[in-house]
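Shared chain: chain A. Partners: chain B in the first complex, chain C in the second.
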Partner chain A sequence: MRKTIVAGLLIGAFSVLSAGEFDAQANKDLKALKEYMEKKFATRKGAESYFPYTPKEELDKNFKWGLKGDDFRLGSYAYNKNGKEQYDEMNEMPPYEDNIDAGEELYKNTKFKNGKSFKDCFPDPAIKGEYPKFVKGKGVVTLADAINACLKENGEKPWDMAKGKMADLEAFFAHASKEKGKRYHIVINSKEAAAAYEDGKKIYYSQRGYLKLSCANCHVQGAGKRVRNEYLSPLYGQVTHFPVYRLAWEELGTLQRRIKGCEKNQGETTHKLDSKWMRDLIYFLTYMSNGLPVDGPDIRK
Partner chain B sequence: MKKLLTLAALAILASGFANASNSDLVKEGKKIFNTKKLGNCFACHNANGKKINGPGTLGPKLQGLSMWPEQALYDKVYNPYKTNPISAMPPFGLNGVLNDHQIKAVVAYLKTIK
Partner chain C sequence: MRKLALVTAFCAGLFANNLVDEAAKLDVKKVCDVKANGAAKVLEVAKKFNPEAVKLGVEFTRLGISNRAYIKYTEEAIKAKKKEVVIKYKVKGEEKTKKFPTDFAAWRACVFAIRALAQVKEAEKTWRLAIPGDGFKY
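Our next item is the complex of A and B:
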């Protein structure tokens, strides 16, 4: 009898203590996704079942197998050997170093009209892995949303969320987080937060635009296949490295900007960069990189 | 005799026309297949015996399509869900990306894939 009471108390204590109630589904999703990707890229043997249309020679020669956890932070370069070589060459002279410096300058030396600065809003710059956050009454707040909120609260004009100063300041935050060895740590701790996550997930898995493709067609089932010559990156670890310097842009850009490009890929009219649609989607996307190292800024084709 | 000759000439002309218009259609279909803003089929497909510039691997390498009935090819391009409800191929007719004539052109091109 006493034993059962103790056990009962313990269970009760656990359910109060752990935030596990609200993030249970998200954790299950993340675990399943990680397992799927690790299996998909485990060995050459049996790879045909995941890549039915990829030429055998390509599977033999250009794929790196045996990928695990942190490997996926590299996106498609985790398995695409040729791409990885080019990527390593590009990273010998990283084109984003000036952006990190510019971001540091913005962080340390921007004085708002009221005398305050970014340091008042963000005392610690190593926060890339903490965003997006869910804030009651506001919904999902991405790092870009938080930066613009800081500007507005201090009587300043908000920035373009796609590039420029926004990308530079994010680059500095990402760099500072990486230096400290931070990992993504996205939290879901309320019913409303769980609902926003589910909304983002629904967006990701539904057919969109006139091409009727889902994000998952290309980045879950499609991960490792190619659209023309471009290898598709996996959802797991897909956002660890933002902001990115894209050769196609010839400059640094934010995750919001990249997503807008993919909306166009699937023939969808694009959503505003600070819309609920975009914020919920980024909440889901970033949760799917939980536990992986903050790895930005980086380069992509 | 003269009449016969004219008839023969006409017949040749007619068949020539038919050929010309079919090969024009094939040409048009080939262009739709390989143009990003049109069918963009090469984003996902290679095609047996054709030189495709950097074909993707989301869809199968197309082969043996010369054996398919035209209607089956038309249906596949118009609405792949008809035969495969979970197809990851876009429905090019249903969504209005390609019109009836353009789909017929693509089908004419697909029929040349051995």
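Our next item is the complex of A and C:
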């Protein structure tokens, strides 16, 4: 008996060590990213070194400084004072409330042909912060992938991953997670999962498209810089608020849809929303928000 | 049979890398010069490199028109000896057309095909330079 307990403890310790080993690089990346963002938005003094082309008056008046950890869950509204005012006004009557209700209806009252429902696949709806997951043999599984897998396993047709019912159900899951005070907790617990994370990281940091832009050009080095009248959002905290109601879309949309838009802006042929490319990228992106609160659904311009 | 499949995969891998390496070494201005080489020859260069860009997921698309579309419609125009390429494409499900001079479309297809692959090679050296805690110094 004693031997069994010791063996069990050793196996447990080994698996903890192994998990630590597999996510070591990702944790190092996250720590360095957080440090960079906090330093970039720490104080007005010396801000010119990060924002050489931003007018002095703009740095004086329109930036909020001294940002720490959870502040970044708001994306660019964490540091953009004027934008935050408009955001607060828009959130007085959130346009996504009907989507949360529609999502709740889908979750609680949709019966599949076989009599089962989403509750059978997702007993707890407060799961937004747990996805994507890495599943051996399947690779990265985003929440949208999991929802569509649930539909297919129960003899139903999969949904469009960009908007509509998918965005509504994700909105309900995000809302339920936010209500429970959940935070993002993405896990990398195998060599294959670490490889998928690294693949997503390489996609994020590689310059692409005819404009030769990487995602990082805008959301790491470019975070806080202005493109026309909009401030670019930071990688740290970039996914916390999805799905989002974008004024440009005039409806709610998923993270996959937003990434597709970014690809178009970069000038490259877009990838399928359920492609390995997209799933690995979302795995990396979401890991870079690990520890931050689930803050969706939300509104963005 | 398994060995054959492995050899084929290996050769395919080598060929893929060769195309990226080859594209990275090309002088785009010279190779895609329509005046010097003619539109047909320039388009052949695009046809050689673009499928690899598609395979690697790095094909260029500008304002809804993919490089595949540039190549397809430019080829049709060259065959029909037309001076203008009419490209049909879709934006948000809506059918659209856009006209370009044939020489210009051939040049663009060529440049897009080569640059898409050359960027893959370049990114191998540069992507880490943008990562905080790695190559990015601030």
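The criterion applied here is as follows: the second predicted complex is superposed on the first by the 283 of 301 C-alpha atoms of A that agree within 3 Å, B and C clash if a C-alpha of one lies under 4 Å from a C-alpha of the other, contacts with A are read in each partner's own complex, and residues count from 1 in each chain.
Note that in this section contacts are C-beta pairs under 8 Å (C-beta built on N, C-alpha and C of every residue); 3 or more make two chains touch, one makes a residue touch a chain.
Source: prediction; values computed, not measured.
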{"item": "Superposed partners chain B and chain C on chain A - clash or fit", "value": "fit"}
{"item": "First, second, both or neither for A:V187, with chain B first and chain C second", "value": "neither"}
{"item": "First (chain B), second (chain C), both or neither touched by A:K31", "value": "second"}
{"item": "A:N217 touches, of chain B and chain C: first, second, both or neither?", "value": "both"}
{"item": "Which superposed partner A:K225 touches (first chain B, second chain C, both, neither)", "value": "first"}
{"item": "First, second, both or neither for A:P52, with chain B first and chain C second", "value": "first"}
{"item": "Partner touching more residues of chain A, whether chain B or chain C", "value": "C"}
{"item": "Contacts of A:T269 with chain B and chain C, given as first, second, both or neither", "value": "second"}
{"item": "Contacts of A:A195 with chain B and chain C, given as first, second, both or neither", "value": "neither"}
{"item": "Following superposition on chain A: angle at chain A, chain B versus chain C, Cα, nearest 10°", "value": "40"}
{"item": "Contacts of A:S206 with chain B and chain C, given as first, second, both or neither", "value": "second"}
{"item": "Lowest inter-chain C-alpha distance for chain C and chain B in the superposed arrangement, angstrom", "value": "5"}
{"item": "Footprint overlap on chain A, where chain B in one structure and chain C in the other make contact", "value": "210, 212, 217, 221, 267"}
{"item": "Touching residues on chain B, where the partner in the complex is chain A", "value": "42-44, 54-61, 88, 90-91, 95-97"}
{"item": "Residues of chain A defined as touching chain B within the complex", "value": "51-55, 58, 210-213, 217-218, 221-222, 225-230, 232, 267"}
{"item": "Residues of chain C touching chain A in the complex", "value": "54, 57-62, 66-68, 112, 115-116, 119-120, 122-123, 126-128, 130-134, 136, 138"}
{"item": "Chain C contact footprint on chain A (complex, rising order)", "value": "28-29, 31-33, 35-36, 39-40, 49-50, 201-202, 205-210, 212, 214, 216-217, 220-221, 264, 267-271, 277"}
